[in-house]
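Letters A, B, C and D mark the chains as written, and numbering starts fresh at 1 in each.
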Amino acid sequence: MTDCNMVEAIRLALLEEMDRDATVVLLGEDVGRKGGVFKASEGLLDRFGAGRVVDTPISEIAIAGVAIGAAMMGLRPVAEFQFADYLHPAYDQLVSQAATMRWRSVGTWGVPVVFRAPFGAVNGGGVYHSQSPEAPYCHTPGLKVVAPSTPRDAHGLLKAAIRDDDPVVFFEHKRNYRTLREDVGGNDDVLRLGTARVDRNGDDVAVITYAGGVHLAREAADAVSSRDGIGVEILDLRTLAPLDHEAIARTVTKTGRALVLHEANRTMGVGAEVAAFVAEELFAELDAPVVRVGAADVHLTYNAVEQAAALPSVDGVAGAIRRLAHY
Amino acid sequence: MDADRLREVHRLATLTRAVDERLWALSRQGRAGFVLTGRGHELAQIATAMSLRVGVDSAWLYYRDLGVALTMGVTPHEVFLGALGKADDPHSGGRQLTAHFSSRALRIGSVSSEVAGHLPHAVGAAYAHRVLGDGGVAVCWFGDGAASEGATHEAMNFAGVHRLPVVFVCENNGLAISVPLSLQMAAPVAARAAGYGMPGLTVDGTDVDRVWAAASDAMDRARAGEGPTLLEVGVPRMLAHSSQDDESYRTDEERAALVAADPLVALRRRLVDEGVLSQDDVDAEIASTAESVRDDAHRALDAPDPTPDRLHRWLYA
Amino acid sequence: MTDCNMVEAIRLALLEEMDRDATVVLLGEDVGRKGGVFKASEGLLDRFGAGRVVDTPISEIAIAGVAIGAAMMGLRPVAEFQFADYLHPAYDQLVSQAATMRWRSVGTWGVPVVFRAPFGAVNGGGVYHSQSPEAPYCHTPGLKVVAPSTPRDAHGLLKAAIRDDDPVVFFEHKRNYRTLREDVGGNDDVLRLGTARVDRNGDDVAVITYAGGVHLAREAADAVSSRDGIGVEILDLRTLAPLDHEAIARTVTKTGRALVLHEANRTMGVGAEVAAFVAEELFAELDAPVVRVGAADVHLTYNAVEQAAALPSVDGVAGAIRRLAHY
Amino acid sequence: MDADRLREVHRLATLTRAVDERLWALSRQGRAGFVLTGRGHELAQIATAMSLRVGVDSAWLYYRDLGVALTMGVTPHEVFLGALGKADDPHSGGRQLTAHFSSRALRIGSVSSEVAGHLPHAVGAAYAHRVLGDGGVAVCWFGDGAASEGATHEAMNFAGVHRLPVVFVCENNGLAISVPLSLQMAAPVAARAAGYGMPGLTVDGTDVDRVWAAASDAMDRARAGEGPTLLEVGVPRMLAHSSQDDESYRTDEERAALVAADPLVALRRRLVDEGVLSQDDVDAEIASTAESVRDDAHRALDAPDPTPDRLHRWLYA
């Protein structure tokens, strides 16, 4: 049993998997000498050497593409993108190359790469260190997308992602890196991709969310349960592609009222998919319209005022839960 | 090149040309959908491909590399299965366009239609060859057009920094579809090499001896741990870019001149002159190849189409 | 009055706008000497010269980025991406640069660029000439996204996009380039971005769609009206961002039954946003769950069998309409 | 450089340094969120910026270019408004990080935090300068790290093909955050220029005369229609990458050596030695600058924060 915050949990997962399997390698900007700008790979260069921990030039196409080619030849690379915002220059390699490789070669070539991407808003990050760009990867057949909310999930899911034979885009919310500690289990605590987790049980309203949204949901759930006696069920999706439709159906069937929450801007976010699924497949179960809460459809700012105004807030989520409960 | 090798080049070039011609015929008949071939590039493709050890070195082709594939051991029948979109095509099961090869046994990475998308893969393979110590060299072919892509720069720079075992072969035919070299770059492709700390050479791609020598040197350097090489071979693009291209940007005279200067015809002339082959040998090779290739195509025409039930197959492991 | 197919309509719009405004320039791969692989710029190099019609190297980052910089300095570039699939290498320039420019410079710099992108499946195109990648651009604040279905709309909307002061991603379905001719109007027939169009009136079921989907919807509507007497209303969204919410509300309120249709793969497509909007805002108007029809979540193939199996079909759409009508 | 210019360089460098120091103080106080400055780069920034004509030429800066901005006429007060995220910051209204400038009057394109994202914009601007005939030259600054990006390659290649009026200035400080040059590239940045058909020069970026001469030549070439130039200036990065960087990858000795070799101190020594300025002049300049800059910062601290009601403003025209 190891007590970790989320970034430590990620580092531990990397370390354990690199220890276990000599084909696991790490590459990215500043992952070596500096141990990553968030310290997710601290000490790994010393432990595994420059052959397996590669400080790359600032070239995201190469980071992704080199990882893909290396994976095809037998390695299991973990490619770190310093900020999820910098996945964009490599977008083509992810959606047109990694995602299509196995499919287009009728199973000949697999791409067991994990694309790690710290995402989400932190104070003062501005538009290039705050983005939540997970949606398009969820629209891309052939990719898996993971976004854990807790140290334990981060550890177990990253290990699963590394062992997975397909490309996985792994989003880590920067704000959650150091906020919470918990026992993350040991070397064999590998979780299964594609499974949501009921983070909290409740009967009245379901909040379906992931990553940073889980923590927001917890605060909002506390507020409405103590003040209004509303029982909130929180479903942490954990994997965004493929979605765990059964778990979503269970929570919606149980509560009849569903709110989908994420930090990405609202229009065309993952919430749209979840809401559309619920509206189409669980129409008869719904006692109220499925509600989406996400960031405003704007960019995020360096200044705190505009950033706070753009992001979903505890009050905003609590208000939406109340309106749903009383619909 | 010694006489045996030259005869092998001739055999492969004759084969490549025969498959090429058959593909265009299938396209004109409306049977093959989208055909791209390397007519004029063959000798350079074959001479570079002959320098690698199939199954040890990894090969990263682009869509025009029919000659590379046939040299490495892809069969004409497979080519036709692919061109006709057949289920049994081992390279893409008919999912990808003509000449989009992929083979684990031959270590050919999956070709994508996307220009330059594969250069970082070749570099990643070279990195894996080193980490795994499997002795492989990654060889990567691409066109002059691909040289302008950001992916190409990032790949070459990464290879240069880590002195990886990779050979970059640029088949410079002077055109990116219709865009002439003068609108693509202000210096030869090989002039880029210095900026990546690797040797860069420009070689006449119709001269098999020089291409073979340059490619062999580059492979030797890579195997000796001396890092990457950029080899630019000048070749003619004898045909339209693809079966969808009306070639409105070239005159009939330009095209006629290209056909007149066909490097395969020139090679045959030379081999006969030098006594490596007799004219009868050449004629016999052409005739027997045409026949076998026709057979290969016919068998492919009869092969089954994919079925809709495999729609989701191979999307995930 | 000019009778045109869609690609001619696009060429005409380019020509008229370049005639009208000397700051309109065209750049892209093969747009000059060849007149574009689809001939959308045929003859424009001769007419306007190499200063204003630029055959670029194969470098999509530069095509997008040069257009952006040129726009900031006073030009109105139209950047052609040979296939929408090749927008991906330039993704970063669109979503992190063009989309944020005005916002991040508090109005100082605008980016009046049209990013033209032929999209959608044609026979034998395979995975790199068939993609429908519109969804992520609709998720990006600061971009506008247009996808016309008819020659007249293509003409009037492209002119509007060129005159618009913000970046517009303009998707043209390749299959519609030469299928239909109609009068496209004259130089002054500039349409308004952001407005949907009722393509066909009907009382029973609304099909909300765009681009190639409109033609599929027409065929399916014909089938169900003649065979089943179901009245289908077709709403052509035309602009995907911003969505015309009023028009969607009108058609859903009128019919009470809505089907969202597109050729992009279903999960996380534009249909998710439309369905989620309908489910949330028009819950009380719905007599049946809002249904989505899109391509299967796979890649598109060169071989016709798999491609047809993946794409939405007339029969499939007609069947979905019938089920909705009888819900 | 003549004595007047040298005094101007000194004035601007002193100003840049004073603003730089104040920014770090604000960061340590928790008032400015994210601070990056160019300590050690100033002389190169100032000497290159002095070669352009403000308002005619367009300027494409990166986040470290405080010295360029102050030379071009951005005021310290504006810098502080930005660093403090204030509504009245004319560059980004507090939306972007410190030193992310943007000005129509000065023709400074909007800085983005994204490495190399602006190089294609500079080239596009150069293209527009030519089409519009406005006589402008685009000048583009970036770090050694940016040189590895695909965007940089595509931008330089485009500029080379069209011989556009653009000057590329690479401020090579040997580090991309923690990654040393040896892991970034296998040849000098300037060695890339030949591949784009443009001249490439490497100049000591602490030598104002040489930088000024090289930049002026490059500007002259651009204005004369002779095309782009790549100018690489070697500079020290005296501080951490940013206020978020613990600099764990450098030793205390390395940092002390950088401070000891401060190019601004060396310049002052030289100017006093050469009689261009007296030590009293220097001291007075430092003192008065410190005072005015302190005032500028104070005024900025009192300025109003943005209000949430402008959330959607400037997203669209």
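Going forward, a contact is a pair of C-beta atoms (placed from the backbone, for glycine too) under 8 Å apart; a residue touches a chain by one contact, two chains touch by 3 or more.
Here the structure is a predicted model, which is why all the values come from computation and not from measurement.
Chains that touch both chain C and chain D: A, B. Within the contact network of the assembly, the step distance from chain B to chain C comes to 1. Contact tally for A-D versus A-B: the pair with more C-beta pairs in contact is A-B. The mean-CA centres of chain A and chain D are about 36 angstrom from one another, to the nearest whole unit. Between the Cα centres of chain A and chain C there is a gap of 30 Å.
Averaging C-alpha coordinates per chain places the centre of chain B 45 Å away from that of chain D.
In whole angstrom, the spacing between the mean C-alpha positions of chain A and chain B is 41. Those residues of chain D in touch with two or more other chains are numbered 92-93, 95-96, 100, 112, 114, 148-151, 153-154, 157, 161, 183-185, 315. Shared interface positions of chain C, defined as residues touching 2 or more other chains, are 56-57, 59, 61-62, 85, 89, 92, 96, 100, 103-104, 127-128, 141-142, 297-299. Taken pairwise by the contact criterion, the protein chains are fully connected, each one touching every other. Residues 29-30, 32-35, 37, 55-62, 85-86, 89, 123-129, 296-299, 301-306, 308-310 of chain A are the ones touching chain D in the complex. The residues of chain D lying in touch with chain A in their complex are 33-34, 85-87, 92-97, 100, 112-116, 145-146, 148-151, 176-180, 183-185, 244-245, 248-249, 305-308, 310-312, 315.
If you check the complex, the residues on chain A that touch chain B are 23, 25, 51-52, 54, 56-57, 59-62, 64-75, 77, 89, 92-93, 96-97, 100-110, 141-142, 144, 164-166. Chain contact summary for the complex, chain C toward chain A: residues 61, 85, 88-89, 91-92, 95-96, 99-100, 103-104, 127-128, 131, 133, 135-136, 138-139, 141-142, 241, 264-265, 267-273, 275-276, 278-281, 283, 286, 288-292, 297-299. Against chain D, in their complex, chain B makes its touches with residues 148-154, 157, 160-161, 163, 182-187, 191-198.
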